């Protein structure tokens, strides 16, 4: 039984078919890697789940249909997400950036916040504790007071990962978390992803180009090409599928190189 | 293009820089809040200068009754908030005994509300007279200029009837309260006198093109048009009418800019109706004024300062009647019962009573350009109107 | 019908001013809120040239044209060039500041008085009889003619000349244009120059028609809804937007309440923007860029 | 993509609202004590300027939250202040209502207008939004003018000094303290909001609306909330303006006023509440400084008749200089200075 299930997702931009009858699902405690060349529609799938795009088809999460819901309402259901370009708030520090993600957990009213009543203060302290735990977990505490706009891109990506974690998500969508990271940072990230999966036991959907990382920690792989699903299964199987190799792996090294180089540039 | 005059700069700046002025026994401190700069300065800077010129001469001649006048001048830029600040400063810091305003109607409310609370009289000496100075007059508020939208309207309509009693009359106003009030009153008078109205056209302050307004007046059959607003607006209205080939007569308020502009426009169908004398007449009073301006070396058009000059005359007369007590109450007491000779700059005297701080009788004269003589002429000489 | 003539004249005025907004916006995505002031500056330059350099009105106008080009170029080179690469809103606020600066400077130099430019140039702004019931002033007739000429000229320039194509290309995709070897600074400078030039024409003609003071920069603000209604990146949109606003204004003055003529154009603007945020003729992508 | 182009993001590399900003508690306390002592030595004229600054500061704080924090540009701030002033003026004139009715009514009126004029923000951004807020200004001024005219208040609406617990608030010192407390209260309230869920949501939607929405921030709701709250505050400051100046008239609320408020937040430093205060001080003082210069340095060749145009020009020039050379504003300069001094003193400490 899948926690999150997409059925026959179709997405068009004008005449362009972005997703063509894509179906996939993720189970509790499962790390599903979503791979495919650039333009295959991976981020589009995330945007469909998040409610940013409005596709045809069905998307169900823990028995609730996500189709037609507003992105904020979908996030409220516990769908956490990281972005390709981190999308942090540059002039806030890491701690504040993580606090933003506690948005749906804050219960205090506007008046309580405005007057900083004891109830609001207590609650704020609780959320801060959660945030500090996550920062500790990701070894970011020493950077937590600096405006994130000035931090290296790799650090920003890890903060972005922390921001998704801190929301207590019931599912985690990660959009190329390793792009733009150094080898050392990648290893650290892989460790964090793996330990988060084991600790939280939630389903995780992971867009990734680094096949080494994917084969090391992914439980299952789903392959997209030109908006179509062309493979789904354990890494050992999928990565040896001739069609996948032809469609994708042949171009991987180039794609990966381009991505890595371009990621920081595209940011602006 | 007019190059600014430095001489003026020094005199004014020196007064401003003097800071808090404390009244000595033989000194009367008067605050002057004027639109010396800003968009309205074209109209009000000159009368303010004229007032100052008059007071300077008074002081040089030894003052009045042994009292010198200390004039504290602040620029209000024609801006309401600045006027409020000036009012506060006059009352709490300079301890003035009298406030003079030579500025836009926008600055009236703040000055009035500040001064009346402190019991200090205000003399409006360069602008339109606020309704509060007319019967039943509020205590403390006085006006020495001849501008009153309502009375000017009465005089305009009266003259228009003499000229052409059957004319359909259009009215041109600007979208500021005082101008609208005047023109709507004028329309009431016209309708009450069994004349026809072509309606009141009100142009918002940001009007780019007055043509559509003029078109409407013309299409409503206006044979004569009354306008009463800042000079720049009433003259643009007039331009717009003429540009569409309209050949009727226009009657506009006689403002400081009028004389020079009319000599430039040379249109015999443009009449100014107002209570000031023009300089071209070369009467004794205007000769004195021109001589004073020439002597001072200040680069000013004499016709633009008439109201300020008259304000100076008023102050001279008031202080002349003042005893040893130079307090604000004493000044107010004198002002509320006085008759001031305008020395030929007006048709008659300015008479203030307890109930009337505008004047009991106002005299209007009509001017226009004459094609025959190639000069300005008096279309109708002083005519008295009782103020009720 | 005189009303129709009034609408045509007002449309021309707004269209001529709006073309300045569109030129700069189309090419550099900057909304020039100092356009009204630049327009009035053109008129003051005419005053200065005719008073200080030459008494021949035609030479004075020609010199004014040259000066206005210099002004436009300087605004770009000295100021707006610094703002390239900055967020669009910072650039827009810079133009707001420029407008205030110009306003103050013009009063400092030429004083607050209303100037009768026509009489300074001995230009007789006679009433021209078109039909029995339609008369317009000479200056407004010139205004209509100039607007037509400027629009035809601009359209031809943008669509037929090499530099015009470059300007359009730079507006659509600056990155691509730069890669193709188009010097963006030159293109932007050209846009500012043309915009100031057409604005100056409007300023001179308005001043000839109805005198000159600094407050007339407000025409820039009134032409603004015209440019937005049509779509900020569309020249013919500006023409139609100007028509919409002018019709509204004239009809409101004539049939409803003239005081609404200040307010309603902006309300119409909001209404149109809510339905079609990119304007009647603008391109849809514009929104994401602004 | 969108965060740099839709917002004012890049103008503002500093965020000064977080704890670090108020970190130096003793410095703040010292400043407050100092400010509390000012009326004992200042002349009435200086107190008047200080009170003007306080009123401007409340308005600037509101605009800072809306534009500097939530990224929604507004050119209608003067119109909102007019709305507050007119609500107070009309209520007072028509019903003689006291300050306990007029002030809350002004806040509510401002909030409602803010809600209406915030609606276009759901569709429009940046420059287009700025233009729709400009309409707000024209509408309020038109309505205010119609009221003034219809009620025969041709010179404006007069207000008597407000009465608070039987005490008439008229004296310059009393106003100073009252306004000082209100500024402090507004600052405190705004700063609390910014350090809460609401403020963080505003920052998030300013940085990137799509990302904010995906984090669970209801962008539309929080945008409107920003408009409602800040419009209420702006309207409140307009009502104070009316009471302080004892009159209301449309002529006091020009478009230039809205631009001055924009200038305050730019010059002060986008995104910082303290910046808003610095900007309010700076912008209010500029014209007085220009006049002072004219008086003390007559050889500048400027005379008093140029005072207003000279301060206009200077004001435009200053805005340009800040936009081009010091986008982080006065607060940026201040922080750099502090940083330099503290690093110097650290070095000295090591030696």
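Chains: A, B, C and D, in written order; residue numbering restarts at 1 for each.
To be clear about the criterion, contacts are C-beta pairs under 8 Å (C-beta built on N, C-alpha and C of every residue); 3 or more make two chains touch, one makes a residue touch a chain.
In UniProt terms the chains read B = ABC transporter substrate-binding protein.
Computed from a predicted structure; not experimentally measured.
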Labels of chains that are neighbours to chain B and to chain D: C
Contact-graph separation of chain A and chain C, given in steps at minimum: 2
Per-chain Cα centre nearest the global Cα centre, belonging to chain: D
Selected pair, greater C-beta contact count between C-D and A-D: C-D
Averaged-CA centre spacing for the pair chain B and chain A, given as whole angstrom: 74
Whole-Å gap between the CA centroids of chain A and chain D: 40
Inter-chain centre distance, chain C versus chain D - centres from mean C-alpha coordinates, in Å: 32
Distance from the mean Cα position of chain C to that of chain B, given in whole angstrom: 37
Multi-partner residues of chain A (each touching 2 or more other chains): none
Numbers and ranges of chain B residues touching at least 2 other chains: 4, 37-38, 41, 175
Shared interface positions of chain D, touching two or more other chains: 4, 9, 145, 306, 308-310
In contact (per the touch rule at the top): chain pairs: A-D, B-C, B-D, C-D
Footprint of chain B on chain C - complex, ascending: 2-3, 6, 9-10, 13, 47-48, 51, 107, 110-116, 119, 125, 127, 129, 135-137, 140, 206, 209-211, 213-216, 218-219, 221-222, 249-250, 253-254, 258-259, 261-262
Residues of chain B touching chain D in the complex: 4-6, 8-10, 12-13, 16-17, 20, 36-38, 41, 45, 75, 77, 79-81, 84-85, 88-89, 92-93, 104-106, 108-110, 112-114, 117, 130-132, 175-178, 180-181
Interfacial residue positions of chain D with respect to chain C in the complex: 1-2, 4-11, 73, 119-120, 123-128, 130-132, 134-135, 138-139, 142, 145-146, 255-256, 259, 262-263, 266, 306, 308-317, 319-320, 323-324, 327
Chain D - residues contacting chain A, complex: 3-4, 9, 12-15, 18, 20, 189, 192-193, 195-198, 200-201, 203-204, 206-208, 210-219, 225, 271
In the complex, chain D residues that touch chain B: 43-45, 48-49, 52, 145, 148-149, 152-159, 170, 172, 245-249, 251-252, 291, 294-296, 298, 301-310
